[in-house]
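What follows is a set of structures for review.
Consider the two complexes below, in which chain A is the common component and chain B and chain C are the respective partners.
And now, the complex of A and B:
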């Protein structure tokens, strides 16, 4: 028995070393950083242990702005992208002609580089001395006044951000949902038809429960992904996110470490742990909610 | 409710687009299913039996022909307006709903004046559950039930709306052998109790034989024979039907009719005379018409062999197998298709099967002649040689 146990540990060792070095140790290190007050990475010294870093971060207007931005992004894009993906998937599932073509079209954003897409969005939305951008052309065409979406009012920038995020996460969600829909046994639909079930009822009483595990998976990963938004924001608004007022929590952490005003690993660590706590809480709430509403076959 | 199928035909465009010709799944099916009977559609997979069932159900539209329930033409009606109950091969029970919710599902769909209160629905569902004896399991989820119980729930769900016609697609194929026996009797009982005209599809001849009032044997979209189970076994219309029904299957020989005598290989086995009682289809061998002579396919049921030292058919003995009450003699004969034959004999007769060879008398009532080319039955009567 003992011998077997040793063997088992031996087999587990590579994975455990890997996880330990690259996951567990950094996590603890970040926790330690976050409580070391006045830590200086050059001299490797600090003044003392305490909650000052958290106090600072939670009072920093840039962090609060980043927190607000991230929350708005999460609350808008996760439900919206999941709902749109569901709509498109159901549509894709019910057409026969050109299904492969549309599937390819909808999947294209997934294989396109984030920065390249960001550039395209800038061209679509940015106001320059030469052009108002495609979006503004549309707005003025229907009689509205042009807005600068990239350097203009906050809501306009937020709109571009949400639009972009939804557009970028759609392909993966559509992929998952179309395969989930396709895997539902067609006999359920036939049985429902024989019993005279309306289309709406088929969708709400059969289709949705059947694919609920996949929807739930998309919501959880969607929440986590949106909370970790950073590269998309950079792609549209450039690297000086604090100035643009469009920073996110991850962006704040990055700025604290490497940005122009950076060099504060303790603040970065505190902010990262706050993000960690938020994501953990939200995921737990998600799990609790889904336990009642998700059916696993 | 009787069901009438008139010239029912279903064609699909060929999957291989280079072939212009359509695939004919069901070809010109004519049949009147009497009220309150249990009908088995039997055939190998791909013979069109499921397509026929789906057309009766309304899930598929016939290319040609008409379907009547009683006097109503339902050909153009969608399934929900036909009053059919369907049990699917996979049962198609909604896994996220309890047994009670599953059974109530069809009732909840009703609108307008047919709408029922929660109490009425519950009452109806419980009634249906009691009929199939699952009223103890109403709060369970389908995944917590055995295959047989799931099957009953599916039947209850089909019956709860009191359909005019009950359709079952391969109802027993997902059950193990023991449960299959039990469930098929159950289906028979439920059908008798409700008196609902029932059509079920199966590829298992034993299943069809055991519970059907009538069997329809299909092959390649064409109805081969419609008759009572025993009649189909005893009087097959062609070689396909003869081969499809019966376990062990019928033994087939290449034979020849020469001057009124049937030969298998070199052995003269039986005297052949025209069947004087046979009237329908006078082209075969009407009374007085001499039997066409020449090569034929000879089918002999396993129980049609009687081992005797003086038997006319000479075979090589391979093995004697005793399995419970059945005793089989496996023998070889050069004229047999496949080279070997399997017979079922009574235990006392094994004594005649010893050594290298075994000889058989053939029972006239268990021997059939078929056309060598198209497999159609050659009607005739057999007499012993002496």
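And now, the complex of A and C:
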């Protein structure tokens, strides 16, 4: 037993070193950073301890813009993507022919490089002096006026951002919901059909309650993911997100850390902790709501 | 008699409704499939249009009559696409290999070995899953910079190795192997390591493959960490390469060449996906999340 004991730690050693250096230590370190005022990364000195970094970040117009963008993105994409995923999954579950084919196609965005496909979206939506772009072709075809979705008005940029985000997150949600739907015991449906229950009633009274744990799981992970939006946005608007007015909270953190506006790990740490606090709060609220409404079979 | 016809009428009505519902379902699914596939079609289409053809189309055409491979040639010669590709390949393979070793050893310890504080330690491990990457990346950036590891493979790889979730996944899988097998091996005098290598890994091969593929996808698409840690083009990964090509590459307007680069970058994962799509989808639905 004792011999086993020592050997176990040997097996765990690599994992513990990696996790210790790159996860546990940084977790505490980032909190220290966030309260060190006037930290200078070149000389590694600071003036004092306090909440100045938080005050600075919360007053920074770039941060407020990022906060606003992120909240709009979250509020639009989380319900929308969950609803579309539900619709598509129900559709997928009701067919037999081509089901595997559709399932595979729908999952494709999950494995593609976000940056690479984002560039394609940018080109589809961009209006240049040489061309109005494909999206505008469709808009003018139905009688609208062409808009530059990449450098144009705020709502147009927000639309592309939300559209691309939904495109990127749907594969995961469709996959989860399809397998949740497939695992509902068919006896319930048969019983309901014998009783002559209408389709809508079957859906709202049997299907939805049975898959509600998975829906809540998707909503919770969806919130967390959307609050951390960054790569998708960079893919469309380029690395200078502040100039595009489309920065996100995570983008603000990285800008503070590195790049032309970087070199302020204290501000980055404060912003990251604010983000973490927001995500934690929302997740707790979600858990409370789901606790009340989820039906566990 | 009249009741009989009523029934057949009702049945016909129901059948028609059923058919309409089927058609609507297929229309919806096809519509979304088009939205998913269209960007891929567009990138391939644009990548085979020549520069002059692309720029002369004020209204972009949905087809081309004179496909060219010139853009692919440009993608590999005018920018260092080959270099980005190689970097990503090295990064992906080394990170995945290291991750597998670390994960297997830790999962084995948690699943089979007995030691004091095991449950507590495992709970601590699991609680690490809640820590968002954005929080720890700040210190990691400083750590790697201070260690002088910016613009090195080591700096890119080290912080990407850890994966608590895969340790958990593999541990669960290891535990499904009957304990009797382990005891029998012990009686025969087999060492722990040999048992792990000769018995457990072969049995758990499907899970191992799934984990490896998911990690490869994650590595191939990673953007944030490489961007922070490399500013020397010689160490760019494909994601950063694409961003670089977009901002300083072929000249901003050479979109066909950019699309050729995008196609080249996307192909490896799409091929991987087409081969392993069942495995990948099963693995992801068991609890993987994106990002």
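Note that in this section the second predicted complex is superposed on the first by the 276 of 297 C-alpha atoms of A that agree within 3 Å, B and C clash if a C-alpha of one lies under 4 Å from a C-alpha of the other, contacts with A are read in each partner's own complex, and residues count from 1 in each chain.
Assume contacts are C-beta pairs under 8 Å (C-beta built on N, C-alpha and C of every residue); 3 or more make two chains touch, one makes a residue touch a chain.
Worth saying up front: this structure is predicted, and the values here are computed from it rather than measured.
Trainee: Answer with clash or fit: chain B and chain C placed together on chain A by superposition.
Mentor: fit
Trainee: Could you look at A:195 and tell me whether it touches chain B, chain C, both or neither (first, second, both, neither)?
Mentor: First partner only, chain B.
Trainee: Who touches more of chain A, chain B or chain C?
Mentor: C
Trainee: Touching A:185, do we find chain B (first), chain C (second), both, or neither?
Mentor: first
Trainee: Consider the C-alpha centres of chain B and chain C from the C-alpha centre of chain A, and write down the angle between them to the nearest 10 degrees.
Mentor: Value: 70 degrees, nearest 10.
Trainee: Which of the two partners, first being chain B and second being chain C, lies in contact with A:155: first, second, both, or neither?
Mentor: A:155 contacts neither chain B nor chain C.
Trainee: State whether A:15 touches chain B only (first), chain C only (second), both chains, or neither.
Mentor: second
Trainee: Which of the two partners, first being chain B and second being chain C, lies in contact with A:172: first, second, both, or neither?
Mentor: After superposing on A, A:172 lies in contact with chain C but is clear of chain B.
Trainee: In the superposed arrangement, which partner chain does A:206 touch: chain B (first), chain C (second), both, or neither?
Mentor: first
Trainee: What does the superposition give for the shortest Cα distance from chain B to chain C, in Å?
Mentor: Superposition on chain A places chain B and chain C at a least C-alpha distance of 6 Å.
Trainee: Would you mind writing out the residues of chain A in touch with chain C in their complex?
Mentor: For this pair, the touching residues of chain A are 1, 4-5, 7-9, 11-12, 14-15, 18-19, 21-27, 29-30, 33, 41, 84, 87-88, 91-92, 94-95, 98, 102-117, 119-121, 123-124, 128, 130-134, 137, 167-169, 172, 175-176, 179, 221, 224-225, 228, 230-231, 234, 238-239, 250, 253-254, 257-258, 265, 268-269, 272-273, 275-276, 279.
Trainee: Quick check on the complex: what are the chain C residues that touch chain A?
Mentor: Going through chain C, the ones touching chain A are 21-22, 25-26, 28-29, 32-33, 35-37, 39-40, 42-43, 46, 55, 57-60, 101-103, 105-106, 108-110, 113-116, 118, 121, 125, 128, 131-132, 134-143, 158-159, 161-162, 164, 167, 192, 217, 220-221, 223-224, 227-228, 238-239, 242-243, 246-247, 253, 255, 258-259, 262, 265-266, 269-270, 272-273, 277, 280-281, 284-285, 289-291.
Trainee: Report the residues of chain A in contact with chain B in the complex, numbered from low to high.
Mentor: On the chain A side, the touching residues are 185, 187-188, 190-198, 201, 205-206, 209-210, 212, 295, 297.
Trainee: Which residues of chain B touch chain A once you look at their complex with the stated criterion?
Mentor: On the chain B side, the touching residues are 57-59, 78-81, 84-86, 88-90, 92, 94-96, 105-106, 109-110, 143, 157, 161.
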